[in-house]
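Two complexes, one shared chain (chain A), two partners (chain B, chain C).
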Partner chain A sequence: MSIKNLERRKFDTLVIGAGGGGLRSALQLAEADAHVAVVSKVFPTRSHTVAAQGGMNAALANVLPDNWHWHMYDTIKGSDYLGDQDAIEYMCRSAAHLVYELEHQGVPFSRMDSGKIYQRPFGGQSQNFGGEQAARTCAAADRTGHAILHTLYQQNIRAKTHFFDEYFAIDLIKDKDGFILGALVLEIETGEPLLIEAKTTLLATGGAGQLFRTNTNAHINTGDGLAMALRAGLPLQDMEFFQFHPTGLAGKGMLITEGARGEGGYLVNKDGERFMERYAPHAKDLASRDVVSRAIATEVREGRGCGVNADHVMLKLDHLGRDVLYKRLPGICDLSKTFMHIDPAEEPIPVFPTAHYTMGGIPTNRFGQVVVPVDQGEESIPGLYAVGECACVSVHGANRLGGNSLLDIVVFGRAAGNDIKKYLKTNRHHRLIDEKSVEQALAHLKRWDEPVGDGSESVNELRAELQKTMEDYCSVFRTEEILQQGLDKVLSLEQRMKNVRIQDQSKVFNTARIEAMELENLVDLAVATVKSALERKESRGAHSRIDYPDRDDVSWLKHSLYYKEGHRMDYKPVTLKPLSVDSFPPKPRVY
Partner chain B sequence: MRFKIYRYNPETDKKPYMQDFVLDEVTDDMMLRDALILLKAKDETLTFRHSCGEGVCGSDAININGSNGLACKSRLSELKQPVEVRPLPGMPVIRDLVVDMEQFYHHYRAIKPYLTVHDPVPEVEFKQTPEQRDKLDGLYECILCGACTTSCPSFWWNPDKFRGPAALLQAYRFLADSRDQSTAERLQELDGPYRMFRCHSIMNCVNVCPKGLNPTEAIHNIKKLMIKDLI
Partner chain C sequence: MLFPGNLAMDETRLRWQCRRGMLELDLMLESFVEKRYFDLPVKTKKAFHQLLNCQDQILLDYLMGQDVPTDKDVADVAKQIRDAAGPGN
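Right, the complex of A and B next:
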């Protein structure tokens, strides 16, 4: 494919990714009569938002007293004070409105006798700034992500959004002045590239859970947008903070929602001890995810794990009764029966901390604009936005609270949509496309079209090695020595990518080629993650260093920024000043 | 374990064929999706859709030993050998196990699968009792995998006119929602000899649904609403 006969399309806005974040932005824009295209490598309802189970946080106070300010405090504490307090205030203030809006759009939330939306307790939630447990998570049984994603897709059908289903995004197109002008994408069915020119481009491509061997994520979660940003010369923020969900099905990875503990389930070790009472005397099993994951890993490390290999703990649910279980948690009952032959109404479920969520990402502000540091402050990249798991606003800081990611995607999906509307008013015309940038993107694609590498490596083996390396060298507990070894290993994998040759050179629905490009993306993100982790010499949230066991607010109350070129690190301050209320200054974090 | 897999690459094959595969590394807890991934590691041209691996994304519906289902929820130890794997029936094949789903999505869009409310919306949620909400159970969980519609003989005969079980299940999902205000329009839209009334209660859809849903019952309920509407 040469640049001359490259097919080109023009839109006001290009949205890459059709999960909740992308679809919520697209809806905002389509309803404002902007010409919007959504590109997704899978049919929209296959996006990974569909797998979110437990729910979405908003201080509706339907079950227990609540207000957004308490939610804000919990989120900041949960983030181990690395979250930006302006963005967190904005998110928590908007939450109730966004839930009501989703309800009006058709989300089948579970209900209380009063007819109001059902809310369940979740980890890290409190009333009155650290007091009693709150019940803040709005749920549609344990299929809340499915309910929200399908509803948002349905609303986009109504709004007649233009979809490019099964198109894979290759690279952003950028001009000399730093404007983002759209992206080169690949139609998977035909294998033909397509240039989508857009005045604004929004990345909503989700996280990179496929970095790790055992993960709760889908096959598609390869962090494509994050790697595209790196290749466009942009930094990634706080990549060392990767969330391990306490309760993945042991050895398999499928997610068992935190809602299981929210409904009253609890964890036990091989002695039948409810061990969370030792680690978090107040919140117990509903402490923050990083706390519970470390506790489980410690129990297993100290020989109190269950099973023949003593390599997991048990999640006990049978005391809740069959009726409650099958009413409130039908999805995980089905999962557990299908994949483990275990009926949770009768037996406990074996669980272990499992790679789950990318807290880091493309640095943005609370308007969804992608921002980079300049001299004394930061400036936005004109025409580029990012929302959801691929973005780092940062509302999750060093540890995300359960129930805050479904909230994140709709709050900032809408916010980015609104800001794009403003941008389009003042930038009414497409800029001239930078043909050199297009050529570069085409060259990237061509590398996989031709038998370039010597064929001594395969995509499949390298991916397995990468995932194993990340699991062994960049997991729940970390040290300088292990991280340094891990970095050497991922850097050598980066070199070995050059030798990969794909055998399948056909065009039509060539998934081997897609998987090769996804692996390229994962390798870049593995380096970003391990490098950022090696450099951060403290323990904070999900980043737990045995050699630096304490949080160090003097040296490390700052965001990491990783650049691909030269594997360079930079840092920027955390925004401690909220929009309207007083700041929550860092203090010791106990649950 | 032995497999017979439908192969077709439009660039190189004049017509489709069945290819034999043998996989040694099979364990008790493996699903068909795991096997397909291992086979693809040996022959990367083998092409199929898959994603979440836990039966919620709906990507990997295929025909397994003559019956539609999700590869990720089909346990190998429960399948008769050689496991015969084919694309969903009645759909144009793009390559190997990947079919063109556009016809299926078209019918889904056609039933207007979104809540329609004419009254002004409240500043809080619409009230809905638990009993009203219970009516949506067994309907909203659909993952649009297409297993039901492509197992339906009525759909095979009239793929352009009959909406098919998946779309009709979603039509009823909105008819059953206490918040929706376009019952008359929805019923009118489904009237006529083809769109819904091609359903002859063969119930293949119920037998294959990987989520245990019952489109036949939903269609029956729509018919009851139509009769109620008449009287």
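Right, the complex of A and C next:
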């Protein structure tokens, strides 16, 4: 494909990714008569938002007393004070309005007998700034993400958003003045590239859970938008913060809820020892997530793991009795029987910590604008926006609270949509496309069309090695030595990517080519994650260093920024000043 | 819809349709295509295509046995997928 024959389309806004964040932005724009394109590598309603079961936080005070200020406090404390307080205030203040808006758009939130929206209590929620448990999570039964995603998709169809289903985004197009002018995308069915020129481009491609061997994410979560930002010369923020859950189904990744241990289940190693008694003598199996995760990883590292490969521990539930188990934990029983062929009433379940959520991402402000540091402040990249898990706004800081991710995507999806509307008013015409940038993007794609590389490496093998490396060297057990070894290994994988050659050179539905580009993205993000983790010499939220066990606000109350060029690190301050209320100064995070 | 009943669709297209929004579905569908699909009779293949057209959450209910498709052939293939999922897959 030469640049002369390249098919081109023009839109006001290009949205890359069709999860809740992308669709909420697209809707805001399409309803304002903007000409909007949404590109999605799978059919839109198969985006990962569909998997969010828990719900969406908003201080409606329908079940227990509540207000947005308490929600703000909980989110800042949950973030281990790394969250930006202006963005957190904005999110918590907007929440109630956006729940009602979703309800009016068609989301069937569960209700109480009074007719009001039902709200469930989740971990980390409190009344009156750290007091009694709050009940803040609105849910549509156990399928809130599904309900939100389908509602937003249908609303977009009504508003005439243009969907490019099964198109894979290759690279952003930018000009010499730094404006982002759209992206080169690939139609998976035909294998033909398409240049989508846009006055504004919004990245909403979700997280990168596929970095780790054991993870809860759908296979599509390969962090494509984050890697596109890196290749465009932009930094990624706070990539060392990746949320893990201690009990994922070993070798599969799906979550076994904490409820299993709450009901009396406990963990054992290969000797049948209830090892949590050594790590947390009081809380034992109900210690905090990071403590339990690290204890499991330590047991495995020290050779006390179970199974042929000694790579997991066991969650014992059979002592609870069949009746109790099937009544109180039916979902876990189904999951275990289906995927492990194990009946938890008779045998223990193999478990291992599982990667769940990418707190870091493309740095943005609360308007969804992508921002980079300049001198003592920062400035936005003209024409570029990011929202949702691929962005770092940062409302989750070092640790995300349950129920805040669905809220994040609708709040900042809408905010970005509103800001793009303003941008379009003052930038009415398409800028002249920079053909050199297009050529670079085409060359990137062409690399996989031609027999470049000696073919000594395969995509499947390298991906497996990358995921295993990330699990062994950058998951819940982090020290200087381990992270340095991990960095050496991912840098070596980065070099070995050059030897990958894909055998299938056909055009139509050549998924081998897509998988090669997804791996390319994951390798870049692996380097970003390990490098950022190696440099942050403290423990904060999800980033837990054995050799630096304490939070260090003097040296490390700041955001990390990683650049691909030269694997360079930079830092920027945390915004401690909210919009309208007093700041919450850092204090010990005790629950 | 995505599968109008055309059995001539190529293998890679089919595999891409097994990429869903939930890990559970990815694991079950991808493994089923890898190990069982190509040996199935035409009628069962068609039922599998019908199943792939379902919304993710509904598909999950079918494959986890929490709901049963009304079409008998689709229900049979959903059960086959569930039975084929397991530790070795």
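Structural remarks
One rule holds for everything that comes next: the second predicted complex is superposed on the first by the 486 of 591 C-alpha atoms of A that agree within 3 Å, B and C clash if a C-alpha of one lies under 4 Å from a C-alpha of the other, contacts with A are read in each partner's own complex, and residues count from 1 in each chain.
Throughout what follows, a contact is a pair of C-beta atoms (placed from the backbone, for glycine too) under 8 Å apart; a residue touches a chain by one contact, two chains touch by 3 or more.
Note that the structure is a prediction, hence the values are computed from the model and not measured.
When both complexes are superposed on chain A, chain B and chain C occupy overlapping space and clash.
When the shared chain is aligned, no partner comes close enough to touch A:546: not chain B, not chain C. Using the contact criterion defined above for the overlaid structures, shared-chain residue A:43 touches chain B and also reaches chain C. Look at A:509: by the touch rule set out above, it reaches both chain B and chain C. By the touch criterion defined above, A:579 lies against neither chain B nor chain C after alignment on the C-alpha atoms of chain A.
In the superposition on chain A, A:443 contacts neither chain B nor chain C.
When the shared chain is aligned, chain B comes close enough to touch A:157, but chain C does not.
By the document's definition of touching, both partners, chain B and chain C, reach A:338. Contact with both chain B and chain C is seen for A:146 once the two complexes are overlaid on the shared chain. The superposed model shows chain B running into chain C at a single listed stretch; among 152-160, 188-196 or 206-214 it is 206-214. Once the two complexes are overlaid on chain A, the chain A residues touched by chain B in the first and by chain C in the second are 42-43, 45-48, 50-51, 143, 146, 150, 189, 218-220, 254, 334-335, 338-339, 508-512. Partner chain A is touched in their complex by these residues of chain B: 9-12, 29, 40-41, 44-45, 47-59, 73, 94-96, 98, 101, 105, 109, 112-115, 117, 121, 123-130, 132-133, 136, 140-141, 143-144, 174, 177, 179. Listed in rising order, the residues of chain A touching chain B in the complex are 42-43, 45-48, 50-51, 99-100, 103-106, 108-117, 140, 143, 146-147, 150-151, 154-155, 157-158, 189, 218-220, 254-255, 331, 334-335, 338-339, 458-460, 502-504, 506-512. Residue ranges of chain C in contact with chain A, taken from their complex: 2, 10, 12-13, 15-16, 19-28, 30, 55-57, 63-66, 82, 85-87. Put simply, chain A touches chain C in their complex at residues 42-43, 45-51, 143, 146, 149-150, 166, 188-189, 215-220, 251-254, 334-335, 338-341, 508-512.
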